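What follows is a set of structures for review.
What follows is a pair of complexes built around chain A, which joins chain B in one and chain C in the other.
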Partner chain A sequence: MESRAARIALGGWTLLVVLFLWIPLALIIVYAFNKANVQSWPIPGFTTHWFGVAWHSQEVRQALWLSVRAALTTTAAALVLGSMAAFAIARFKFFGREAVSFLFVLPIALPGIVTGMSLNSFFVFNHINLSFWTIVIGHSTFCIVLVYNNVIARLRRSSPSLIEASQDLGADGWQTFRFVIWPVLSTALVAGGLLAFALSFDEVVVTYFTAGAQNTLPLLIFGYIRLGQQLPIVNAIAFAMIVLTVIPVVLAQRLMRDTGVLRRGGTAALTAK
Partner chain B sequence: MATQAPAREGSEAAPGSPAVRLKGIRRTYGDVVAIAGLDLDIAEGEFFTLLGPSGSGKTTTLRVIAGFERPDAGSVELAGVDVTHAAPSERDVNTVFQDYALFPHMTVQENVEYGLRVKGVGRRERRMKANEVLERVRLPQVGARRPVQLSGGQRQRVALARAIVNRPTVLLLDEPLGALDLKLRQEMQVFLKALQQDLGITFVYVTHDQEEALTMSDRMAVFNEGRIEQVGSPADVYEHPETEFVAGFVGVSNVLERGGRRFTIRPEKIHMIEGIGGDGETGVIRDVVYVGMVTRYIVDLHSGGELVVVRQNLETSSREVLEAKGKRVRLEWRPEHTYEIDKEENR
Partner chain C sequence: MLGPPLLAFAIVYLASLVALFISSFWAVDPFTTEIVRHWNLDNYRTIFQSSAYRTIALRTIGIAAAVTLTDAVLAFPFAYFMARIARPRSRAVLFVLVLLPLWSSYLVRVYIWRLILNENGVLNWTLRKLGLPAAHLAYSNWAVWLTFSYVWLPFMILPVYGALERIPESLVEASRDLGAKSFQTFRRVVLPLALPGVVAGSIFTFALTLGDYVTPMLAGGSSSQFIGNVVYGSVGIANNVPFAAAFAAIPLAVMAVYLLIARRMGAFEAM
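Presenting the complex of A and B:
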């Protein structure tokens, strides 16, 4: 029996959890517009001054550029490797298939510190200098999963006869890819890619072990906070990052909804006539 | 096995050759033999059914005709032209898939137009032809919708429309009514048969439903364990089953052994008379199954074996027929209604 009291209690509890999750973020957002350069409550006034300071800082710009490049490269690698793996697992039966599938998904659950540490000792042991590429390799270990999971879910939900139906109706390999395979998979790829980008862009732990002397944006923030420097700038960057991360995640979720099929409004409307 | 040189390009169909000819087809998956040496001719304009239980090789045979499966041995001819090595897209056949395989990202209209689009047919002509076939399958209003917005029966008809828009010489149907409920199935059986006669296209129809096969086919082939047990018209296969398997799969298996000869008799051909005395076999009613329009009686015979007898419930009530259990009866039939099975010449 679900009484009125129980429902109110549950509602209250849910509200508490939501507040617990969002109050710290809200605080950062408020502080990003803080007029004073010390964090005190209530803030003395609103300003967008710190955004300008952050934007013109050479250090911040370099870190941002490195983060964007690393995230883009990682996303590209994850798209290629993740979708190829998903195809292999979903469409072929081979010995050890379940094991391989498990090995693909494991890195997302593995603590970042373990991944980072082991990658670091692997690079050092093989005399590989830590660089942009070691960051990309580190991020790829867990970003491949995101694409893999999205694509395999889509493949399992779509009829395996789609490709045969296309061939049966007279399409050649390229037409089948262009008209059937790509449209069916594209949203899964876009969604996986967006998630991979978001995860790579704000990753700290693995990056810390694989970045060498360079700073990605999260590493820069980490350093600022540890030294207690530039806190107003950090708040401004944090606000920008929240926005930058929320957008791809929301987009990805929308793309994966229901059939996950992109509404191609133009063509659909035309043929409807 | 050697196959004839492919002669598909430019060669005209030889007149009088069957729409589909399979010669010595064999297909194995590792140790599993899906088709074990199969010869079959399907005439032009025929409604031909491949009937059999699951795993009997009927679907594999269909896929060999479509070109999705390459046979290990044997050859496939369409209208006299060897297509054994031709890709599915090069064969003048189209398929209605069991799960329909409609493209989820396209509207119904786009799905139906697909075959014309990949062949480079212009937009205006595509639309005209698609509208025409959608009307033919009685779905003129749904062109703008997507497959997810349709009912199962509507999807089935869209799949049908998509497959006939190219006017193939042979249409392959893989258990197309399997996912529909009984009433809709019966409607679609009538509709498909009428459509086939109207279009004049050869239909090759796969099903495990004997009733479907009997009602729709011009001729049918009964499959079992990768082989064809019997080919013939529905009446032929039903009244004169050549093997025990066919007797059991198409209808009720009523097999008796008398004097070293095995024969079969259909349950509705048996007269059941209460009491003993006179000619025929005697026995006791062991079980009574009331199925609405008819009642099935299972009779243990005194000379060994059992027979199923079907009687229409013309004037009897369910209570009366159920009381028949345990009664002694006499069974009679006309000798021409029995059919000897597993004879050497039938094999």
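Presenting the complex of A and C:
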């Protein structure tokens, strides 16, 4: 047991860190309603005007649509590839199994510029023009691990004898999948998928190298901030993006609460940003 | 079943790393801006001989190390409180309080520090209220360090928390029964067992800082260039992919060494 003084000191430190994490997020919410064009503190008054302006901007809409399509397609690819890989790794022992696990972590453990630059060289090398699909391929490389981590954690916790029992009782492959495997895995898949969507929707460092002249929503905002243009719109979108990325995460966390695997998948995954 | 995903992955990702490595030994024709496939070491020579590029590489690695250290110092007591002192209920709340910033938009969290640190921002307003002189942190290496430390902090907290949480209470009790004082128990039992978690967190904070160009661009100024910014500029504006590839090979090499060391320290299990 820690002494009383140590507990109080640790508690105080914890409080300070929470404030450090959350005050900036609270500020972005305030700035989104900033009446003035100039971004200084304190803001002179509140308005919801900029949300309307952002919503009606053609550029913003196009970028949003591209981001949503890319994130949905990436999520689908990550679900299929990530769960297939998890099945293979969890079920079969084979030489180099650990190396394969390591391989899937690589795109998020390596610096974003390396992943982005490598993909870019690969596309240039093979004379592949940058398009919607190159964005999806780039995002998939680091979203697979999210699904993979969630599914493999769930598979390790579930007993293989369930499947054997189903087979012994005469179920065919489809029935075993539908009535035994799917109920065990469904929440893990949904959680992994939500995280993959959130990560893909927000990614900017790698996307720049795989998007070419196209603008995803983060790339568009990045451009605005860099040039100091349209900052009131940026504030409104920033607020919306915080809300939009938080919702899938809260849902995923609720789904995975029983297993606590979000934490692991989460930390591993998030690094791609 | 492993076939298709692994194959797709190997083709795209590993082939990409190889492509990066190979193209770093090529050159660009200065007139046509076409890539010329003649093998040479000129890109690497340029990087190592130019003091400007050396400064950029050292700044990148230095700030990445500083950010990692800062986050470790901020995260450890927090994670310790969360794992070993807080009640289950407040632990769950703290967990969500860390998880949400981790997942909320990276770009937005970088942008907000621009608003906080600028001359008429929240920081100077607060300092003025306290009767202190204004700080001129905007667009400096300090701003880059602070912003990075902020955005990557949750990535350090979670693995450290995970490692601390997994320490069996019986080990701590045994240490106490054998007569160790609290500090001795901490130093000889808790700290060694938590270390893989810290190393796992440091992989994220270090690699993420090393490979970034967005924060140096938005929070720093022209004097805060990172390796990533040079790569970004070489691909986008100068269209010199071989040179960009050669410069990107530096963080790749640094991370390869870092990952090998981390692996030996058992950090992968703590991830």
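What we mean here is this: the second predicted complex is superposed on the first by the 257 of 273 C-alpha atoms of A that agree within 3 Å, B and C clash if a C-alpha of one lies under 4 Å from a C-alpha of the other, contacts with A are read in each partner's own complex, and residues count from 1 in each chain.
As a convention for this text, contacts are C-beta pairs under 8 Å (C-beta built on N, C-alpha and C of every residue); 3 or more make two chains touch, one makes a residue touch a chain.
Given the structure is predicted, the values throughout are model-derived calculations rather than measurements.
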Next on the checklist: In the overlaid three-chain picture, which partner chain does A:51 touch, first (chain B) or second (chain C), both, or neither?
Outcome noted: neither
Checklist entry - Counting residues of chain A in contact, which comes out ahead: chain B or chain C? => result C
Checklist entry - Is A:165 in contact with chain B, with chain C, with both, or with neither (first, second, both, neither)? => result first
Next on the checklist: Per the contact definition in the header, classify A:124: touching chain B only (first), chain C only (second), both, or neither.
Outcome noted: second
Checklist entry - A:221 contacts which: chain B (first), chain C (second), both, neither? => result second
Checklist entry - Looking at the overlay, what does A:180 touch: chain B (first), chain C (second), both, or neither? => result first
Next on the checklist: With both complexes overlaid on chain A, does A:141 touch chain B (first), chain C (second), both or neither?
Outcome noted: second
Item to check | Overlap of the chain B and chain C footprints on chain A, listed as residue numbers | outcome: 262, 264, 267-268, 271
Next on the checklist: Applying the document's contact rule, which stretches of chain C touch chain A when the two form their complex?
Outcome noted: 1-2, 4-6, 8-10, 12-17, 19-20, 22-23, 35, 74-75, 77-78, 80-82, 84-86, 94-109, 111-116, 118, 120-122, 125, 150, 153-155, 157-159, 161-162, 182, 200-201, 203-204, 207-208, 210-214, 217-218, 227-228, 231-232, 235-236, 241, 244-245, 248, 251-252, 255, 259, 268, 271
Checklist outcome for this item: Listed in rising order, the residues of chain A that touch chain C in the complex are 1-3, 6-7, 9-11, 13-14, 17-18, 20-22, 24-25, 27-28, 31, 38-42, 80-82, 84-85, 87-89, 91-92, 100, 102-107, 109-115, 117-122, 124-125, 137, 141, 144, 195, 198, 202, 204-205, 208-209, 218, 221-222, 225-226, 234, 238, 241-242, 245-246, 249-250, 253, 262-264, 266-268, 270-271, 273
Checklist entry - Touching chain B in the complex: which residues of chain A? => result 158-159, 161-162, 164-172, 175, 179-180, 183-184, 258-259, 261-262, 264, 267-268, 271-272
Checklist outcome for this item: Touching chain A in the complex, chain B uses residues 66-68, 87-89, 93-95, 97-107, 109-110, 113-115, 117-119, 127, 143-144, 146, 148, 162-163, 166
